[in-house]
Amino acid sequence: MTALSRRLTGARGSRQGMWVLPLLIALAIALWLSLETAQFLNGENLLNLVPQAMPLVITAVGQMFVILLGGLDLSVGSMISFTTAVFALGGPGWVLIPAVFVLAALVGFTNGFIITRFNVHPIIATLSMQYILLGITRVLRPVSGGTVPDIVISAVAGSFLGVPLPIFWGIFTLLVAWKLLYGSRFGLHLFAIGGGVSSGVEDAAHNFGIADRRNIVLAYVICACFAALAGVFLAGRIVSGDPNVGLLFELDAITAVAIGGTQLSGGIGSLHGTVIGALVMALLANGMNLTNVSPFIQTTIKGAILLLVVALQSRKKMGL
Amino acid sequence: MKTPVAKILVEMSEIRKAFAGTAALKGVSIALQSGSVHALMGENGAGKSTLMKILAGVHQPDSGAILREGRQVVFHKPKDALEAGISTVFQELSLLPNLTIAENMFLGREPVTAFGGVDHRRMRREAGKALAELGLRLDPGTLVSRLSIAERQFVEIAHGIMTDASVFILDEPTAALNAADVEILNRHIRRLKDEGKAVVYISHRMDEIFAICDTVTVLKDGELVGTRAIAEMTPASLIAMMVGRELTDLFPQRGDASGPVVLSVEDFRITERSRPFSLSLSRGEIVALAGLEGQGQQRFLRSLVGQYHPFAGRVTIKNKPLSLPVSPGGGVRRLQAMGVGFVPEDRKEDGLFLGLSVAHNIAAALHSKRSELAFAAGYQRLIADTMSSLAVKASGPAAAVGTLSGGNQQKVLLGRYLCADIDILLVEEPTRGVDIGAKSEIYRLLRDFALKGGAVLVLSRETVELIGLCDRICVVHNDTIVTEMPAADATEHNILDAALSANGEANGARGERR
Amino acid sequence: DEVPLLDGVTARAGDNPTVEAGKFKKDAPWVIGMSHFGVNANTWTVQVAHEAEAAAAKDKRIAKFILLDAGFDQKKQVADIEDLIAQKVDAIIVQPVTSTSADASIAKAVAAGIPVIVHTGRIESDAFTTEIQGGAEHFGKVMGDFLVKDLGGKGNIWVLRGLAGHPEDTNRYNGLLQALKGTDVKIIAEEHGDWQYDKAKKLCETLYLNNPEVDGIWSSGADMTRACVDVFKQFGAKIPPITGEGNNGFFGQWIADGFKSISAEYSPAQGAAGIRAAVALLEGKDLKKHYDYNPPGWDLEKVKKYYRDDLSANVWWPSELPEDKLKEFYAKK
Amino acid sequence: MAAALANPVMRRLLRIPPAYYVFAVLLLVLWIARPNMLNLNVMGIFVRQIVPLGILVLGQLLVMRVRSIDLSGGGVILLINYTISSGVFPGASMTFFVALALAIGLAVGLFNGLMVGVRRVSAVIVTLAVGIVLVGIVQYLSSGKPPGDVPGMFGDIYNTKLGSLPTPVIFWVAVSAALSLFLSRTVFGRYVTSVGESVQAAHFSGVPVARTVVLAHTLAGLFAGIAALVQTASIAVGSVRVGLDLPILAVAATILGGVVFGRGEGGVWGPFFGVLSFALLFVVMTTFGVDEPGKLIAQGLIILLAAILYGIRSRST
């Protein structure tokens, strides 16, 4: 029994954190839904689920990179709104699409630079950035509107060989993230830096000759770029620019990462866990709609399930 | 043995370094020769680690120069030093717990595959080979968080010496190792030397210095005392050079150990499969737990403070039973309330509040006796007394403990328990990384504590220390006590003998580590 | 024969096609879905949900009424509408979060043959089946006209706006600007109070302490008017002409303190109107594509008729909730 | 330069939390632009606006010093506001409501504390989730009974003054002083410092680590309960939504005040001035008529610059 619960919750002393239990929970929700309502397994609904979950999957995966370092990025929500606002400025896709990623990289770089060079706590640095970006977004686009390049709209709504395009967005996101995290020295260095931070020896990785600052900056750049990717996706989905579309999304992203077993103290976590975390949240939202749970009680249920999943993830270390 | 022409690989000249106003190095020069092992000696806080951290690129000197094979170099960061062929095993363990052994060993210089990914297979293979050369049978895929301190130390050493460098710095690599392990390390140091590398070896263990070093440089209070060939030195003259006086008696006189029993352990079984044992500790007595690494001595001690659940047994402290298992969260407090102090071996991780003042560190255990809502006394007097009786070298009680040298940190840690109202001490590694002068002081402190009616149970990897300090020695093997002997009759040889050949099964020194 | 949707709602003049009669006709029982922009934004938004639920409960032909809450999240509204389509509901009522975000999913619903009714907000496309446009410009202009008239076309005003970035806020503000055009009424301070009491109170205190000389206050309604009136009372100052909205707490204040005001109308019963429109379409009745909700402002006389001393500050007028519901929800103990 | 840095007085000065100089600069700006506003009457009113945040910050700094965080404050405030305004306790007395509010705060804080300190789950997520659940409970309850009026006595007390200062402000100062004394003088204060520096070392020196964390969270819950009472008194009516940004703002004010996870150089007064800085920032920006985007950008830049300055300084020492 204890061995089993260890297996499920623990993988204590593993680097992936706890992801089996969230996976079981995701499966349990899916099972419950398919028994509860015929509409869940219906093709149309399953096709809806992918684009519904996609922005969260993308943003959470980006967020995971900085959380693995023991950092946090509260500016991703604003980054998403900002991206849609830039899109709605008008202009051809081949200009706007590269432009938003350059801007995102710049924002991520600024976050990382401030955190590493000036010793500013990530929460403060990225919270400030959240305000600043939101301010700029409101200047660019005081209210929602404008048009989004057609190519973006069709890249979200269309399909290829009968497979809806959002699926390819997902595959692309996961491939890129996988390569960065598991297929490069950078990924290993992220774990190393985060491991040092979480064990209280901030410069442990630095003493191994790892370019810690550069890697930290890079992680924030990656996080911002994934947020921008989610912004591009959302711009295509809501077909306009919107200054509020990303509001509070950073909290959803952090929650998804945490549900998936990645530890906020750094060094422990996994890509698949993060995807599972995002899926738990998306399934929950979709499931409550399909089973006609009253909107007055949906928040409580969502919170309670979060609480449950997290409460089962007891860790060795105390803290954030 | 061929003797290649020795050349100077590194020269550090007139190095100065101050931390927040206090000078750690006041113009020290040192030259490292190829094919030579260079000992760096000095009391705690003399500046040895600081000098080497400068060479490793961790700190930057305030002034002075580093010459690498005659050319001046500047190391801004550790990576620069690594790239210049200088590899370091740091004094403080700094492996990353969430990475595997192989990853730790190759961190910062991982081999890559054709696709740009980390070549894990190669890393494991080579790490496995390196570990095997050090006589370790560990899976290179094991996470470091699962290793014991000694195993970590070995991994750290493996990381440091299995590199393609020409200068190797080993800052107290043997602090957590036992004699057999030290011998393995020495073999490798000799190999490096034969390959024409320069090795800097920092240790407080005199025998090691004389066994493998060629040259010794002695520092005192950040100043260079001198550099000599080991061949010209004797242990006594080296100590004299370090402390400015001859140290006659390292160990204090033994006392009278016939007081009443204060701690008795009966039919104790560490695990389900281990054999039961009993142990008693009397007032005025210092008892040792000896044995090879990982034989259960630490597990036993820590099950008294609740970190482990023993399988069975009865423990009585001053005639009051201690109900087992002890709660993991409250065990330390429980024992403190019964007058028992526990001093953990890893002072950096488990012992000290590195960022807080000496005063806070010393007083920490005193507060625990009172209710949360009670006023916290200042204990200025007691803190000052403790600092002076332990001769803690610090700018004052407000100095952060993390800025003290290793030996002084250890004194602060012991001071915490000595000044609390405690009459039984459970001590792990009382002198890890402590210089010979401080060692002697610590031994005296523990003996004084016993003489005043206290009782001490000590666990240490240094057999000589156990023999010299204690009254009785219990040798632990395979999770049970196999022999008990009066320390006066014990020798390193018969302890090792008992530790190795208990039950007639001849376990290799490096047998069941895990 | 016009379908009565709500007092004050009229078919738009000019180019206004009629929805093909019988196009969405279906036999009862019906399932109607509603995507609410944010049930729990404030007590007004809660009441809209209650009004809709009550109206749906009254019509026995509606077998199921599914209320979904976007929580002011555009992403969620898109997902909510998709989920309603997947459930194959018979009609979808949308209160758009923004003027554009729901466009694509509304088009999707219509393509699936489900009629879509849009109300209390507007969207930029006309993919919907029918809309009851809550006239935000009109609302702001009614307030602005009142101030212009009361100040004799000249004076300095503060502007208390709602949630920045919210179309309702921008459109009401645009209505104000229309009213001010060509007059000598000048905006000397303009701040966002997010329609909330606490934010508006901070703002009014700060503005007052900065410069108490103000001739009138344009408040975008909700709970900001009450806050600003409280500030003037706290300083013992004369309350300048100030605009408000149909909130019972504000009504009580107005009646008690007798300052000059107007109450722009924006009934939470639009929730019920949406249900009626959906029913009309399912019954196969004629509906126009565009309806406007541009009711006149209320003066103190009308306010006195609606004000209920026995109910809490959080009920909004006019309401269609039956008396027992009003009592259940809002009775002061 | 090195010599100057070595001077202990100088080192002390350089470690002053950013909140103090942000406050000083804003005060100077206001003094130049609107000297007439710099009197106790006016300032008292401005400060009163921020008292709920100020009290919430007291709890935040406490949990941050034991390396935790509490994001559930918004939910606590909302739930208490709802219970007082919804009439679910008809005819209850003021004392009852105060006791109820404190009990809710304590209970939520205790729960957070047990989850963080005993079960050792992620503090960010667990307190976020608790906040969501509390908001959800209010949403659920308000579907049957929307919030209504708050007993008049709350507003009456809120509007009183002692001398020329509003009572809520004096109350805030008093509670802050009490916490400051509590932390600097009691054994619990030492425990907080110890746990913040090293959980392991605290454990082995006999600090009841879990109990310290639980108590810190419980007190934070209590402060949230008190903040809720003040907030409710200031609105005088029930609501279904409360600023979700309140806990995050509390974190920001705490960090500006020199308290970060584990370390507490700014004590209680650093974060106190962090809150005051936010109050002044709002006043200054409103005074200058900065528009909404401008406010956001200015707020972000000021927090950032202050943090950068502090970061550079604390690094150089």
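Letters A, B, C and D mark the chains as written, and numbering starts fresh at 1 in each.
To be clear about the criterion, contacts are C-beta pairs under 8 Å (C-beta built on N, C-alpha and C of every residue); 3 or more make two chains touch, one makes a residue touch a chain.
Labels paired with UniProt names: A, D = Ribose transport system permease protein; B = Ribose transport system ATP-binding protein.
Just so you know, these numbers come straight off a predicted model, no measurement behind them.
Summarising the inter-chain contacts, the pair of chains with the most C-beta pairs in contact is A-D. In terms of the distance between Cα centroids, subunit A is separated most widely from B. Spacing of subunit C relative to subunit D, judged by their CA centroids, is 35 angstrom. Rounded to whole angstrom units, the spacing between the C-alpha centres of subunit A and subunit D is 28.
Rounded to whole angstrom, the centroid-to-centroid distance between subunit B and subunit D, based on C-alpha atoms, equals 44 Å.
Multi-chain contact residues of subunit C (touching two or more other chains) are listed as 39-40, 49, 164.
Residue positions of subunit D touching 2 or more other chains, listed in rising order: 135, 139, 142-143, 198, 209, 292-293. Chain contacts: subunit B has residues 349 touching two or more partner chains. For subunit D in complex with subunit C, the residues that touch the partner chain are 34, 37, 42, 45-46, 49, 85, 87, 90-91, 135, 139, 142-149, 159, 231, 234-241, 282-283, 286-287, 289, 291-293.
The part of subunit B that touches subunit A in the complex is made up of residues 56, 58, 77-79, 82-83, 90, 92, 94-99, 103, 107-110, 112, 115-118, 143, 145-146, 349. Interface residues of subunit C, counted against subunit D in their complex, comprise 39-43, 46-47, 49-50, 164, 189-192, 196-198, 201-203, 205-207, 209-210, 223, 226, 230, 234, 249, 311-314, 328-333. Those residues of subunit D lying in contact with subunit A across their complex are 67-69, 115-117, 119-126, 128-137, 139-140, 142-143, 198-199, 209, 213, 244, 248, 251-252, 255-256, 260-261, 292-301, 303-304, 307-308, 310-312, 314-315.
Subunit A contributes residues 39, 42, 44-45, 48, 52, 55, 138, 142-146, 153, 157, 234, 237-240, 242-245, 247-248, 285-286, 289-290, 292, 294-296, 298-299 to its touches with subunit C in the complex.
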